[in-house]
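For reference, the structure discussed in these notes is given below.
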Amino acid sequence: MNFSSDTSAPAHPAVIEALAGVNTGMEASYGGDSVTAGLRAKLAAVFETEDFDYWLTASGTASNALALSCFCSPIGAVLCHEEAHIARDERGAPEFFSGGGKLQLLTGFGARIDREALETALGQINPGFVHETPAEVLSLTNLTECGTAYRAAEIALYAGLAKEKGLAVHLDGARLGNVLASGKASAADMTWRSGVDVLTFGLTKTGAIGCEIILLFGGARKKFAALQARAKRSGHMPPKMRFLAAQAHAMLEDGLWLNLAGQANARAAALADLFTGAGYELAYPVDGNEVFPFLPEEVARRLMAAGAKFYPWPGGAYRFVCSWNTAEADIAALAEALKP
Amino acid sequence: MNFSSDTSAPAHPAVIEALAGVNTGMEASYGGDSVTAGLRAKLAAVFETEDFDYWLTASGTASNALALSCFCSPIGAVLCHEEAHIARDERGAPEFFSGGGKLQLLTGFGARIDREALETALGQINPGFVHETPAEVLSLTNLTECGTAYRAAEIALYAGLAKEKGLAVHLDGARLGNVLASGKASAADMTWRSGVDVLTFGLTKTGAIGCEIILLFGGARKKFAALQARAKRSGHMPPKMRFLAAQAHAMLEDGLWLNLAGQANARAAALADLFTGAGYELAYPVDGNEVFPFLPEEVARRLMAAGAKFYPWPGGAYRFVCSWNTAEADIAALAEALKP
Amino acid sequence: MNFSSDTSAPAHPAVIEALAGVNTGMEASYGGDSVTAGLRAKLAAVFETEDFDYWLTASGTASNALALSCFCSPIGAVLCHEEAHIARDERGAPEFFSGGGKLQLLTGFGARIDREALETALGQINPGFVHETPAEVLSLTNLTECGTAYRAAEIALYAGLAKEKGLAVHLDGARLGNVLASGKASAADMTWRSGVDVLTFGLTKTGAIGCEIILLFGGARKKFAALQARAKRSGHMPPKMRFLAAQAHAMLEDGLWLNLAGQANARAAALADLFTGAGYELAYPVDGNEVFPFLPEEVARRLMAAGAKFYPWPGGAYRFVCSWNTAEADIAALAEALKP
Amino acid sequence: MNFSSDTSAPAHPAVIEALAGVNTGMEASYGGDSVTAGLRAKLAAVFETEDFDYWLTASGTASNALALSCFCSPIGAVLCHEEAHIARDERGAPEFFSGGGKLQLLTGFGARIDREALETALGQINPGFVHETPAEVLSLTNLTECGTAYRAAEIALYAGLAKEKGLAVHLDGARLGNVLASGKASAADMTWRSGVDVLTFGLTKTGAIGCEIILLFGGARKKFAALQARAKRSGHMPPKMRFLAAQAHAMLEDGLWLNLAGQANARAAALADLFTGAGYELAYPVDGNEVFPFLPEEVARRLMAAGAKFYPWPGGAYRFVCSWNTAEADIAALAEALKP
């Protein structure tokens, strides 16, 4: 009954096996290896394009900050939701990697940027007014920190608005699989086809040990050399890169990542039913693997006493996260504990 | 016959097994897990002290830069050898992590800082003269980039000189195992007992996938909270830390790291004998797993044609690196290829 | 009828005369001169204490950023009002000088931080939670960007709350003279006696060419060496410092700064009467030299057509700023233009 | 007999008069004023071109660092002489402003970069090798820190070599007047015609209060908006810019800057004759206003006892600097003191 975070889950066994599988013989270091090179084909299949470059890190914070630092200069700003992971949970990584760039925080229900807030912010950009810091990047998160999703059409709309003003578009896809698992949109639709320039494609929360892929699409590929240099100087160019790449291979093979994300989503749906069935309202719609019920404090305490792990969330709800490792038995046990 | 780098070697199978071993159930994330906590005892045994704190990263560059950034302010400098990895091969990571601190480069044969060069540099420090950047840290590397070693007494001497001037002392121990494998000095002698405040204890080149341990000794422990914060904001606080810690467990278990380092050293010694036996001078004494013979260009070309991998080195020699994975057969094959 | 900004005013003639007065003979450079040293006595008299250190710059942005960078680390944040000059009008200077620190923006009417907003923010500080950036400094502005003032007791209250949480307290006093000109509080009451650690004491807007004094009070003096080093490396240690110091001498002599500020305030009061007398509401109370009337667009256009200079302000009002150089004739001319 | 530095000299009276001359009425702030705009024509005349942009600061350190930061990225390096002011005397300003870029130090007699050292460094640039930091800028200083000069043809040669490798070329002209006063080369020859992209044109040491002009020539003008933004966020966009511009007007009017520099040079020549006539060798040729005699310690002591101010210099000589304010009587007095 551990619903604390999908980062607390183990890795899928296929990932460990993949590590063993590439643990043979000498390989070029620092990303020049054949395992890393071999990922291109798999990523091309997932994203239905050849027009991309990619880099691997073991950390979502690093991937986001590296991605942003290629597009946000020290004298620029990133537009993002005020509850975005890059704003709240990365200890100033974007400011650090960009050399002192700013985050400009936007509002919106359920960690989704409100269209009006975005348009207002975009309308205020005035690069000629030297005293203020102009936004240079729009960063969206999908799945959001509140477990809600943007539809591909919304990504396209927001990206379009941003691009009219000359901004680059970043997507934090730490839980991208949880958005795509339903099959309503493809990875391509949700990213480059909608105008995303740079993606943090997270596999860690989905089931890897630690594997996040930064993808640069189309014109953004011109930043690839700078991305590598920034990866190197921030310690995100591991000598034995093959072991990062092997994780990605395992996760992308036969759609394992989507299957695992779908499984986590299914558990979350069951959880949502459980709470609403018991009469508790949810703070946000459940679009992925996170559920935010408003629970009376004594109920929360009862669940914790029964061994359930989960966290309170700003705004009064509690956050329950499912992972590929969440079992039906966990749901059943929670159901039991929930009974009055 | 791949002598290009010990970073091109695979991981020791015990390391992969250890990953599988911890891949069970839910664990606290971001370093709060039991596997990471369990390392304390093993490290205490290795370093013969309880007076330390530790943090794990997957990158030597990250570990060095994080370690330095806790002791070198944006308005300070790090004294290091002009051939030090932090100066030459980390793409400005120390400057990045310290927020614009400087490296002040010292000379000396075989990548070992010359005592006189150190004393001159220390003598010139004048914190009251605001125009110049005063050194705040001395960074030593052992094994050095030229495969030579400082003895523990030398570390103690240099650290003592530095401390008289108020500097902190950092040791880049990416290949510390190769120094200690001979058994002439203990890990404690070579580090905190000699005045080292902060150590980058490398296990990657020795046989891990990617595992470097930053150790803060004694009074330096007061920097631990800052170290964690800096690790977080640079993307070096992986959510599933247990998989880093498991690598360290495997490597430290029953002295595996020393055995593997010793094995690499033995191969290097055989290689050195091979070259000197064939009449080629070595640029530097062989104190670990690296050999730098001066070879005629046509000999180098012949070896490469036979399939040997190695690199030219500044100064005219070639660098051959042995790893735990270097086989006796590799040495024999090279011997064959070397025959006129 | 130029009400665009007090930064558009010339310098008071006494300031120019003071420059000529020190333009004799050789002087030690970089702040070691006798003119700069001579300021200590004048500042001691103004602030009724000997327990301070000071540094001069020609820029308010520089003074604020330097002051903040001594107390906000790269892994910390500054609490300030969302309309603060440091947040809105300094192009990321605090982030730059602090090495990537954050600003955490608080709300409140009239650019004055709301007590509840402050208490909430202080209550959320959790230095042990490594993912979030803890506030390390509270920055207040007096006179605020909306021309309102904090009373000394409010500064003391807010500083006290901040200090309970271990924060340092910065006061941006770019228009401090306009607050103090009424004589209701002393410079000491408004600063160190109320718990201010570091003050940006602005004289430029009051009547100098370009002269801002950073004062470190009491325990904050231990940052003085770092402040000087940071001033040097940011280009704020002018070789011929005596010409900055001479400006301060002229402004502080016989209370010239307070007289000039009082004169500007008097003009602003007249302006406020003018607007309210004509039936236009003011967005904020007038506590200094700035007036923010809500004007119908056609009235604003009429005034501009008559030659008046002033700017629209976020929220719908217009900003009129008076300086020491604003003449009664300017007010009269505006009165004329305001007539229907 | 104060030969300590030309930064210890007062300003030329014409500079003070110029400040008084512009101290009338309201002016646009932050560089939008008519005085600043009026400089364009004077600079065009001095540099014989219209193809430039310019920005004013009060500090040579700031001007150098701002100039460099527009061309050296956080992942790049600046080639400069190991005795360059930017390397030795600016407390890490280039590293700070560039966001962690590096200085790569070159050797050469008399603070002039040796051609071979430059060619070696340029030859080693390998932007494809991600581990090392590639040079992106060549920074030359003329007059050098040792009082020697590059001829225009040498600037052109070095700039040409640098440009072949894609580097931008910066000239630190803190004492440019002292190079040009002889009339052997024009300001245009010494800068843009020889390939200089960005110039720090110093007037402070020549006779201003504090006025350095950053000039971007030709293609480098595309960096002007970034330069302004960086000036703003580093506190180098003074609100009352007209007072900086007025200094430049006074110095450039009727060639005052060249006359003052020439006068300082003449005094230095007399000083050089004095020392060599007395049998003391000079460490470097005297190409401007600085003289570096090797003096026996007892002679140096005798001069100091007689009231002469000057500093010892690395390498064993002493530095004597003349300014526009150095009188013939100073030379005569030193001659007297020098007599055995």
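In this document, chain identifiers A, B, C and D correspond to the written order of the chains, with residue numbering beginning at 1 in each.
Following the convention adopted for this analysis, a residue touches a chain if its C-beta (ideal position, glycine included) is under 8 Å from a C-beta of that chain, and two chains touch if they have at least 3 such contacts.
Chains and their UniProt names: A, B, C, D = Threonine aldolase, low-specificity.
What you see is a predicted model; the values in this text were computed from it and never measured.
> Using the touch definition from the top, what's the fewest steps needed to get from chain B to chain D?
1
> Taking each chain's centre as the mean of its C-alpha atoms, give the chain farthest from chain A.
In terms of C-alpha centroids, the chain at the greatest distance from chain A is D.
> How many Å are there between the centre of chain A and the centre of chain B, using C-alpha atoms for each centre?
Spacing between the chain centres: roughly 34 Å.
> Centre to centre, by mean C-alpha position, how many angstrom separate chain A and chain D?
Centres of chain A and chain D (C-alpha means) sit 50 Å apart.
> What is the distance, in whole Å, between the centres of chain A and chain C, each centre taken as the mean of its C-alpha atoms?
Their C-alpha centroids are separated by 42 Å.
> Where in chain C do residues touch two or more of the other chains?
In chain C, residues 30, 74-75, 90-92, 96, 99-100, 130-131, 229, 232-233, 237 touch at least two other chains, as defined above.
> Going by the contact rule set out above, which residues of chain C touch chain B in the complex?
Checking each residue of chain C against chain B gives 30, 73-75, 99-100, 127, 130-131, 225-226, 228-230, 232-233, 237.
> Which chain D residues qualify as touching chain C in the complex?
Answer in residue numbers: 2, 4-5, 7-11, 13, 16, 19-20, 22-30, 57-63, 65-66, 90-93, 96, 204-205, 209-210, 229, 232-240, 243, 309, 325.
> Going by the contact rule at the top, pick out the chain A residues touching chain C in the complex.
Result: residues 74-75, 77, 88-92, 95-96, 99-103, 105, 130-133 of chain A touch chain C.
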